[in-house]
Structure formats: C-alpha cells, structure tokens
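Chain naming follows the written order as A, B, C, D, E and F, and within any one chain the residues start at number 1.
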Amino acid sequence: MRNDGRANNELRPVMMDKDYIKHPEGAVLIAVGDTKVICTASIEERVPPFMRGQGKGWITAEYSMLPRATEQRTIRESSKGKVTGRTMEIQRLIGRALRSVVDLSKIGERTIWVDCDVIQADGGTRTASITGAFVAMVLAFGKLLETKAIKQMPVSDFLAATSAGIDEKEGALLDLNYAEDSAASVDMNIVMTGSGEFVELQGTGEEATFSYQQLQTLLELGNKGVTELIGIQKEVLGELAKLIK
Amino acid sequence: MRNDGRANNELRPVMMDKDYIKHPEGAVLIAVGDTKVICTASIEERVPPFMRGQGKGWITAEYSMLPRATEQRTIRESSKGKVTGRTMEIQRLIGRALRSVVDLSKIGERTIWVDCDVIQADGGTRTASITGAFVAMVLAFGKLLETKAIKQMPVSDFLAATSAGIDEKEGALLDLNYAEDSAASVDMNIVMTGSGEFVELQGTGEEATFSYQQLQTLLELGNKGVTELIGIQKEVLGELAKLIK
Amino acid sequence: MRNDGRANNELRPVMMDKDYIKHPEGAVLIAVGDTKVICTASIEERVPPFMRGQGKGWITAEYSMLPRATEQRTIRESSKGKVTGRTMEIQRLIGRALRSVVDLSKIGERTIWVDCDVIQADGGTRTASITGAFVAMVLAFGKLLETKAIKQMPVSDFLAATSAGIDEKEGALLDLNYAEDSAASVDMNIVMTGSGEFVELQGTGEEATFSYQQLQTLLELGNKGVTELIGIQKEVLGELAKLIK
Amino acid sequence: MRNDGRANNELRPVMMDKDYIKHPEGAVLIAVGDTKVICTASIEERVPPFMRGQGKGWITAEYSMLPRATEQRTIRESSKGKVTGRTMEIQRLIGRALRSVVDLSKIGERTIWVDCDVIQADGGTRTASITGAFVAMVLAFGKLLETKAIKQMPVSDFLAATSAGIDEKEGALLDLNYAEDSAASVDMNIVMTGSGEFVELQGTGEEATFSYQQLQTLLELGNKGVTELIGIQKEVLGELAKLIK
Amino acid sequence: MRNDGRANNELRPVMMDKDYIKHPEGAVLIAVGDTKVICTASIEERVPPFMRGQGKGWITAEYSMLPRATEQRTIRESSKGKVTGRTMEIQRLIGRALRSVVDLSKIGERTIWVDCDVIQADGGTRTASITGAFVAMVLAFGKLLETKAIKQMPVSDFLAATSAGIDEKEGALLDLNYAEDSAASVDMNIVMTGSGEFVELQGTGEEATFSYQQLQTLLELGNKGVTELIGIQKEVLGELAKLIK
Amino acid sequence: MRNDGRANNELRPVMMDKDYIKHPEGAVLIAVGDTKVICTASIEERVPPFMRGQGKGWITAEYSMLPRATEQRTIRESSKGKVTGRTMEIQRLIGRALRSVVDLSKIGERTIWVDCDVIQADGGTRTASITGAFVAMVLAFGKLLETKAIKQMPVSDFLAATSAGIDEKEGALLDLNYAEDSAASVDMNIVMTGSGEFVELQGTGEEATFSYQQLQTLLELGNKGVTELIGIQKEVLGELAKLIK
C-alpha cells in the first residue's frame, strides 16, 4: 500500500483553477495532490533579439518555488543572486515541452512567457508545472484569438506530464509524492502528447540503475497518467479544447 | 467618487485565509481588495552570526512579487541576479515593524523568517504584507507555545499597516488601490499598534510636497484604517489574540 | 546635557565648501559636525531609456561611504559585488527629494547625476547628503544657465533635511550625532522646503513606538533645523539663490 | 549516406590518451571524432559540508568549453559571471552518472572532482565527457589503491554514454556529429553500464515528438554504441579494468 | 615647455595633509598637482584565513575613485557589481609595494587595510596612492607603537612612487599629468625605496615600444622624483620618520 | 645547478604545435617546458562600441587555466562568478603587448579575440601565452590575407616574452619554472620585439627589492630568451614570417 492509500498506477487528485490570478492573459492554479503551482502565460509583443525578423514567435518558461513551499525553508534565488542548476533544468524543460506542440510560425513575432510558481511542494512540481503551463498557454492563445491577433489556435496537440518511479519494495509507481520520490531508486519524468507520442523522457537512476524491462513498465504508467491529465485539461479548457488540432 | 465606489475614508474588503499553505509554522493569505499576499513565518533554530550567544532571537522578512502579479510582467529578481532597491526597502520595513512589538529576549536564540509573496498586486502590497505578516508571525509563536519551546506569547501589541494619500481632485484617501496610488501626489504608509502608537511613518511627495495640515488628515485616516485591520486580525487569530499584551 | 554640549534644539556647526572638487558641474563639501560629505552634480546630455522622447529631464542620486568613514572599517560595496539595502534606500530618498523641487520639463533631455560620498561619518549622513546635494545641483543648473543651455532656474524652492529623535533620558533632540542616533529609540528624517512644506517624512521606532504627541515635537524640531540649514544654503549659493522661485 | 561516410549504427573513431595532463590523479584526453575533451579527476581529502561525518565520499563534476572549441567563438562563462543552464544540466548529469556505479561508502570522506573541458566540439560533448570522466575517475581510484588509501576498487560496473537521434531523411542514427545533431528532430542521450542497465535516459523532441517504436530503435543503437565504448575503456585501463566489479 | 610650465624633470607640487580623516589609525590626504587621494590605514586584529597561526601579519590595499574624480563621470564599481581589471591591478600593486618594506613577522597577527580613494584625478593616481599609503601605514604603526602593541617600527625603508614617460615631441618627462599621460607613447611607473632600490617597475608602450637607452632615462627621472617625494614624507612623518630603518 | 639541469641563461625546451584546434582562424599549442597553453585567434567582423566608425580594428585577449592545470585544483572563475585580479592583469597585458606591434588601421573594423587557455601550468604561463598568442594572431591575419579581406600583413615586428628572476642562491635565472618562481625574490616579465625594443617590462620584488645592477642582468637574460623564442616563431610561421615588417 502507498503512503496515501493509492493504487500503484493511480494519480493523486488533480484540480485546475482557471483564471486564478487576474492580470495574466492565461492563468491556472494546478493542484496535484498537495503540490500546488500557479501557472501564468503572458504575451509580449516582440521576440528575443536572436529571433527578430523571422516572422515567428517564441515560448519561454520560468520556474520558481516560494521559500516555504517546502518542508524546510529554502533560500530565495534572488537572495543568492543566481538561479540554481535545478531551476534552470526545469525551466528549460517546460519551455521545450510547450514548444513541441505549438507552431511558432502561427503566433506572430510574440513571446509567450510562461511562469510556474510553486506555492506548495509535495513531489512532481516540474510535471505539474508542465501540465498547468499548457492550460495557461492555451488560455493566452484564446485571448489572441478573441482579439483576432492570431487567426487559428497554433497548438497541434494536448500536452501533459507525470512521473513514474521504482521503489525497491513497492515496485513501479505512478505520480510520486515527495516521500515516495525521496525513497525511489529510479525516477522518470514523462512528457507526452494527446496522441501518445513522447515529447521528453528523462529517466534517472540516482545511485542506481534500471533494466530495459523496468523502463517498459514506467513508460506504461506514464502513458496512463498523461491520458488522465489530458482528460482534465479538456474539461477545464472547454470550448478552447476543441480548437486544438 | 473613488474608482471602486468607496468612501474616502473606507478600506477595501479585507480577507485573511489562515493556514493557506501547509508546511510553514504560520501562514496566511491576505487579500486587501485585489492585492493578495501569501505571508508565512518559518522558525529557524538559530540566529544570524552577529547575534549569537546573546540569548535573544531575531525576526527578518523577505518580500517578493510573482512576475505576473502586476499588470505588465516584471522580470524576476533571480533572473536579474539581484534584489531591487524597492524590494530591499520593503523587506527592511516589514522586519523592523514586526520587531517593534516583539520582545526578542523571550523567543530564545531563534530566527523567525517572514516571507511575503505577492501573488496579485493592486496597490498597498507593503502594508498588506505587514498586516498579514503579523498574523503569520503570531501563528508561528502559537506553535512554539504549543510545544512549550517558549513560555509566553512574546508579542506586546497588535500591529497593522495601511496607506493614505492625497489626490489633487479627490482629496485625502484611505487605502489607495493601484490606480489611485499612481495618480496621488502624496503617499503615506502608516504602521501602528493596537494602542494607537506609531511604529513607522513614511510620507513621500513624489515630485510634490505636502503641508502640516494635510499630514494631520493623513494620520487620522491611517489611524482609522489600522484600527479596523486590527479588528480583523483579532477575529482570525481567535484564542491566540487574547495572549497578546 | 548632550554629549557635545548642544541644546536639545540645536544643530551641529554646519560648513559648506563650494567647488571643493574641480571637474563636476556642481560640487560642495558639506560638514555637519564631524559628518563630511562630498556632493557633486554631473550633467549627462541624455536621459535613461524609459524617459526618452518626452522632452523632460531626470535627476538621480548615488550615495556611498569611504570604507573608513566609520569607526570600524566597512567592506566596500564594490568588493561585495552589490549595493546594500541601506545604500539603496538612501539614494532613492535623495533622488526623490531633489526631484520634488525641480521642474523636470525645464531642464531638457538631460540627467543630473548627484553623487554623495561620505568621507567621514558621525550620524546624519543621509540628511547632510540631501542638504549638500541640493547646493551641488543648483550650482550645476547655474552652469547650464551660464551656457544658455536652459533659460531659467528650474528649481521651485529650497530643500534641506535634518533628523530628530527621542532619547529616553534626554527627550526630543535635533540633529543626532552617531552616539545619540545609536541610543535613540525613535529616529525621524525630515526633508522640507523653504516654504515649510514636507517632502519626505520617515519616522522609525527601532524596537520601539512613538505617540502622536511625540511626533508633533519631532516635526517642530525638524522645521527649526531645516530653516537654519536653508539659511546657510542661501549664503553659499549667493546670486544663484535669488533665482530660486 | 551520413555526411562522414559512416553506417547509421556506427560510432565515430574513438581515441583515449591516458595521463594527458601531468598534475591530476586521473587524466585522459578523449576524442570521439572531432570532439575532444580533457577529463581529469582530482582527489580532495574532505567532503562538502552537507556530507561531513557520514563516513562517505562524494563525486562532483564540472564541465566547460574553451571559447573557441566551437565554430563561432562563445563568450566565457567567467566573463558573463555565471554558468549557463546548459552547463549546469551537463555537469549535474555527469556527476549523477558517475555516482551510480560507485560505492561512495568505500572511498572515505573524500571528494572526487571530475573536470571535463571540451577543447574542440563537434557534437556529443556531454556523452564523450561521461565516457572519458569514467576513465579519469578509475585512474584516480587506482592512485588511492596504490597508496593504500582505499582497500578495493569502489566501482561496481563500467559506464559509458553515447547519443542517438532521428533524422527525418536518414532515419535513426548512432553518435550524432554536430551537423547531424542540428538537423535531427529527436535527440537521445543514453548512459549505460557494462551489464546493459540504464543509468540515465534523456530523450528530447526539439519542436517535435517521437513514437514508442522510434524509442525502441534509439535504445538499441545506444546499447550497441555503449558496448563498443566500454570495450575501448577496458583496453585503456588495462590492469585496473580487471578490478571493476 | 610642458603644459603646466614645469621642467621635464620636475615633480608637480606635492602636499600631504596628515590626519585628514578622524577615525582611521593612519590617514593622509595627498595632493600631487591636481591629483588628490585620501589614504587611510586601518588595523584589524586578525589575518586572512590562509595566514592564520603563522605569527605574521598582512598588508592589503584597496583603491577606488569617486565617480566624478574624473573629467567625465565614471560608473561606480558597486553599481556595476564588480571591480574593474584596472582597479585590481592597482590595488595589488599598492599592497605588494608596501609589503616589500615591512617585516610582516614584527606586526603580530594583524591585517593593515590600506584604502586609497581618489577624490580628484589628474594623472598618476596609482603612484600618488603608493606615496600616500606609505605615510598612512607608518602613522598606523605609530599607533601600535604608542599602545605598545608592537615593540619596534617594522618598516625597513621609505617607499614612494612616481611616473615617467616619453612624449614624442617633449622627450622624457617626470610625473605625467593626465593630458601628458594621454599623449605619451611610453609610460613607466617606478616604485623605489629610500636607499634607491627598485620595488616595482612597470613600463608599458601602449601601441608603441621603447629602447634600452630610453629605459635608462626614465629610470633616472624616476629616481630623482622618488628621492624628492621621500624628502616630503620625512617632513610629514616627523619623529616617526626617525624610527624607519 | 638549476632543478632541471639548465644553465642559468637557458630557456626550457619550447614546442609550438600549429593548427592544434580546427575551428579558430589561428591556433597553436605552445609548450615551454611543462607549461602548455592553447592559444587561438578568432576574427569577429565588428569592433566594440567605443571604437565604431573609426575605420580601425581592435585586439583583445582572454586568459584562463583549466582547474587542474595546477598542482592543486583551482576553483573555476565561472563558478566563483568573477574573474580574479590576476587573470585580469594577465589578459590586459597580453592584449596590450599584441597591439603594440599591429597597425590597427590596417585590419578594418574587426576584433581579433585571442584566447590563451593554460592546460598545464609550470611557471611562466603569461609569457608563454604572449609568445603563443603572437603566432595564433599572425595565423589569423594569414587567413584574412588569403581571402583578401586585408591587403597586407599588419604586423610590424615579431613579439615574444619570457621571464627572468633572482634567486638568492642561484643568482639571476632565465625562464623560471614553477619551483624557481616560488623561490625567487625578484621576478621580471619581459616582452620584447624582434628588433630588441621593449614592449612591456614588469619587475616585482615580492617582499624584496632589487638594485640597478640586478635590473641590467635581468634585462640581458630577457633579451637572450626573447631572441631565441622569436627564432622558433619564425620557423613555425614559415612563409607568413616573411611578411612581417
């Protein structure tokens, strides 16, 4: 039995609270169990210097945690004066994932800034961020459609992410919470589309390794989780969901 | 008439959501109109180097805004690699204000880290932060009392803050929202205690000045606002409120 | 009796040495007791990016202390690689105060850089900086008038600053020196104009509070001090003083 | 046909020049095609603060490129004053990979600093770094064995890494050079052990996705490449290789 | 004729104002022509970590310029967040020069912090800094002698510095002012002792070179200048001067 | 006898490996004894902002050491987030030296970036860097000649550097290795041209001084060393050498 009573292939309860914050073009508070992330999408009417004049847009993501999102207070990155390697890894991952399902040539010379701010952390903050960020981004594209700034939804498929891992006792588990993540010997983050394609796969054996067979089991769990998450995204997005693909 | 229909001496609706975040020793989400701040208090079982061995504690505060708390997205301070002057001013103010009503010699060699993270901004973020931070701090002291780590509530009085300002057309106004704050020629932040003493007074004429008479009016408005805010703090704190003083 | 023999409402001896440094457009060495600050004003023929094309100018201030201006040597901010919160607070205050008495639309698209470098510190460095910075700025405007770069003195009033504070034994004191400042329970910085209006008011109870009545006394002391300081500014500025207002 | 005449499942020529640099405890220059990396392992007789007193060691890695390792000169990270996200990702990956095959409890309270400095880059610098870093690390452990500072080789298995990717025209390719990497729609880094277990798997569709079937093909290529690389490591390590496992 | 009427082998007027600043253990304002530097020496009762437990002291120097010491305002190094290469070169030079005439084993485990802050610059700021820093340092040692913290003056010889350079028209010149320095094709800084030994020699042809014969002429000028500067140091130091050597 | 068997006036064995790295316009691996430096020259088709529109080019240099180039591992400057004073001094010296023999008006509005990366250090890294950098730079100019981007070799003379020093026992020594450098009381870096002119002379007595006579001996040794180094440069540069002067 898992520490919160779930079956091994069961996601934690998922909640998405649309328009949680009033200023952004797209905003959602996503909760996956006790992990809570404010995801916002902001539209800037220009692209970074290296992309100017190509008639294409850009999507970039930033990720952060409130100092007391965690059990022990963490020092702010602004106080340290630099962003940690972990943060950089995560924000690069979120941006790459979102870009894989968007046709950048259809959004004009605009930058979509996606901000994922974890206000409470209990494992899986990066995958919850991706799942919520997708919703915030689609909402922002909805605003651009409304004002006729763009002609069609530039998103080719749904996108969500979850984790799976191997616990030496429990076996393969879907959607690890913090306690499970700390105990797991293998941890895999799986980002997939609505049509079941992989976008990103990051499997890590921290001071451990994993076999080809274990890999297959983790992929299967991930597939199940992502399918359920995309179901929830569709509900939250309502009419906008129908414009995707 | 004010842009949101309030009387000149009226506060915006105030809401305090206790224990909004699960990990911290004290936590509250405070909303003053559309300004929303997550305030948390974290206990660290040691003091900064310059205070060691004196048998006293310390209280320090940090303040930040989510990038899209504002109408236009602001660049993260962690990306810039440094904390702005405005942020420093505010966090020094919050810390100083809290320390004025706490007997540091009664909390042991502990540091209380108070974090104020603005998730939505509409004027008055620093005063809402102080008002919420006081509640989070008292909740944290409540935890120390529960575990008998301290013997009595070390807080000598209530503490809250609000702003008042002068609009050339509307006259003196209590609790400015963002639009009012931008238009005001004079802006005053007033931090007061439950017994009506001043803790901090910061009046600024941005490219303007103000007379002795105007100052008196602003102080009166501030006094009214703080009194009401402290009323709400008492409700939220319940039994703990009775231990103060 | 105060530690330097002054009456409670008495300023320390004030000296302003005009053109102390040869390169700047305006320069003064101000001494208030043992506090000595080199104030310079430099004219740059452009404004910061956010102000371009508005036909207006800008005034900005920087403040620093020599490492051994203080009793104990302080580490240079350049060695630390960052400016402290205290420095930022002070330089923002100086800039704001100066801008409150200048009509920025009359100085063309120019930036006035005001530098206040404390070479010896004995309390009140920020208020001495404001008082000296005003003189340096007016001298620089004098240069612009001489070369007919501007048509009239853009300064609407005199501006000076002093401190007042409350000592638990001595009572309310004007113009605190370092020893007095360290002992005071309440400290107030008062920036006022020649016509007796307030520009900035910063009252702080460091681990203490103050009453409405005490506030009135502090304001009265501040008013007396500023009036005397402006008298000295007029002497130092000579003919230029007559062009103000 | 690939641009350098290789079969799709063929590695580039691999060369490892042991003891290339004289000071380090372990050093190798690895060349994989035109990609050349100086890998060194340095022994420090203490561990980082968070690990002290546990009787265990630590392995950490740093990665950098000479400014002109690349076709266009890149700005030094020391000049920029910060390490880029890409660098952090890579050095975290190298460290994690190495730690997965070492029993840290057998190396005493020592830190092994592994430095991978790319002097010429032509794709696959991170996988070449891992493959070379493993050799440098084993050489350093050899030194510790010689001086009897440790009793047995603490390395449980061989470790090497390569990349595989999908080119829309050429299909699945092993060990991408820079031109191939730039053109590929999917890129996978595969870190495996001598016994065929996975250590790390990072598959990324940059603005693209990949199917379950494509994943299987990439894993197969990776397996073949890693097996060959480990063969070369064994030759280079000679007698030391026999102590592994 | 030189632009200020001096003979080619003539120093500018030199002035040293002892105890210019009240807090430091040693302080002097040195003026060499229009170049003015506040030099202070501060005693810290410990040495940097790398020197602890050796029974020896350390001397270190810092150098800075006020932003408007120069004709054009320079950006503060604290605002830039880093010390420039030029500043580092100069402060390393000053420290090295001072250490060459002090017996560090005779000053106990103390650090002498020498600060050279240029308040007005007109060429030769680094050599004026060395000449003034020597005086400030000796004054600080005087304080240690007074309090019997040390038993004898630990300074083995006098130390001063000047510059010499070659102007294509004027020939070899002693003690270049700013205009001369800008025009010179060769610039040499010469640091010498009272007994005519060299401590530091830095000759630079900026986009030019110099012959062996020119070098001899520059050395001769430097020797003359240093001899005169040391004469002035002796006057300023009075009784303390007699304790040297 | 010197620790490596050389005569006092003998250079260490010198080797220059041309085109060691494939991407740069000019590249050489220089070895002086066990000191090994990769020197590259990169051409950028623009100049820094302060030089634009003058029709002239610029030459700038950067210097770094691999962390384990030294006996003890050194922390990377990118990890520290700043370049040390020593590094800045060296890279400024290299740039200045190269510019002294190049007619910048003949290279068009281009920047030559010279990178000197020490992969193994055994004393004399800065002088080896200059000697190698000169070769890399001439090779890069050769590329510009080939493509007819410039019309003639803009280099007026050869340029090389070596060190000489005084050991209290051994006397004056040419080309100090690390052990000798650590023991020497005086250290001089000498940069000279093919026609025997000085470009830069930096003599330092670290906690020591040196006489006029000693200076003459060091200059003589330097002259001998530089002459031999230029002989080797000529061989390596082959036909290109004939275009110089």
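Here, a residue touches a chain if its C-beta (ideal position, glycine included) is under 8 Å from a C-beta of that chain, and two chains touch if they have at least 3 such contacts.
Everything numeric here is computed off the predicted structure, so don't read it as measured data.
On a Cα centroid basis, the chain most remote from subunit A in this structure is E.
By residue number, over half of the contacts seen at D-F repeat in one listed pair from B-C, E-F or C-E, namely C-E.
Once the centre of each chain is set as its mean CA position, subunit B and subunit F turn out to be 60 Å apart. We define each chain's centre as the mean of its Cα atoms; on that basis subunit A and subunit D are separated by 28 Å. Spacing of subunit A relative to subunit B, judged by their CA centroids, is 33 angstrom.
Across the assembly, subunit E contributes 81-83 as residues in contact with two or more other chains.
Taken as a graph of touching chains, this assembly forms a single closed ring in which every chain touches exactly two others. One closed ring of touching chains is present, and its order from subunit C going to subunit E first is C, E, F, D, A, B. Of all residues in subunit A, those touching subunit B in their complex are 21-24, 27, 34, 38, 40, 42, 44, 62, 64, 66-71, 73, 76-83, 87, 113, 115, 117, 119-120.
Put simply, subunit E touches subunit F in their complex at residues 82-86, 88-89, 91-92, 96, 99-101, 104, 157, 188, 193, 196-212, 215, 219.
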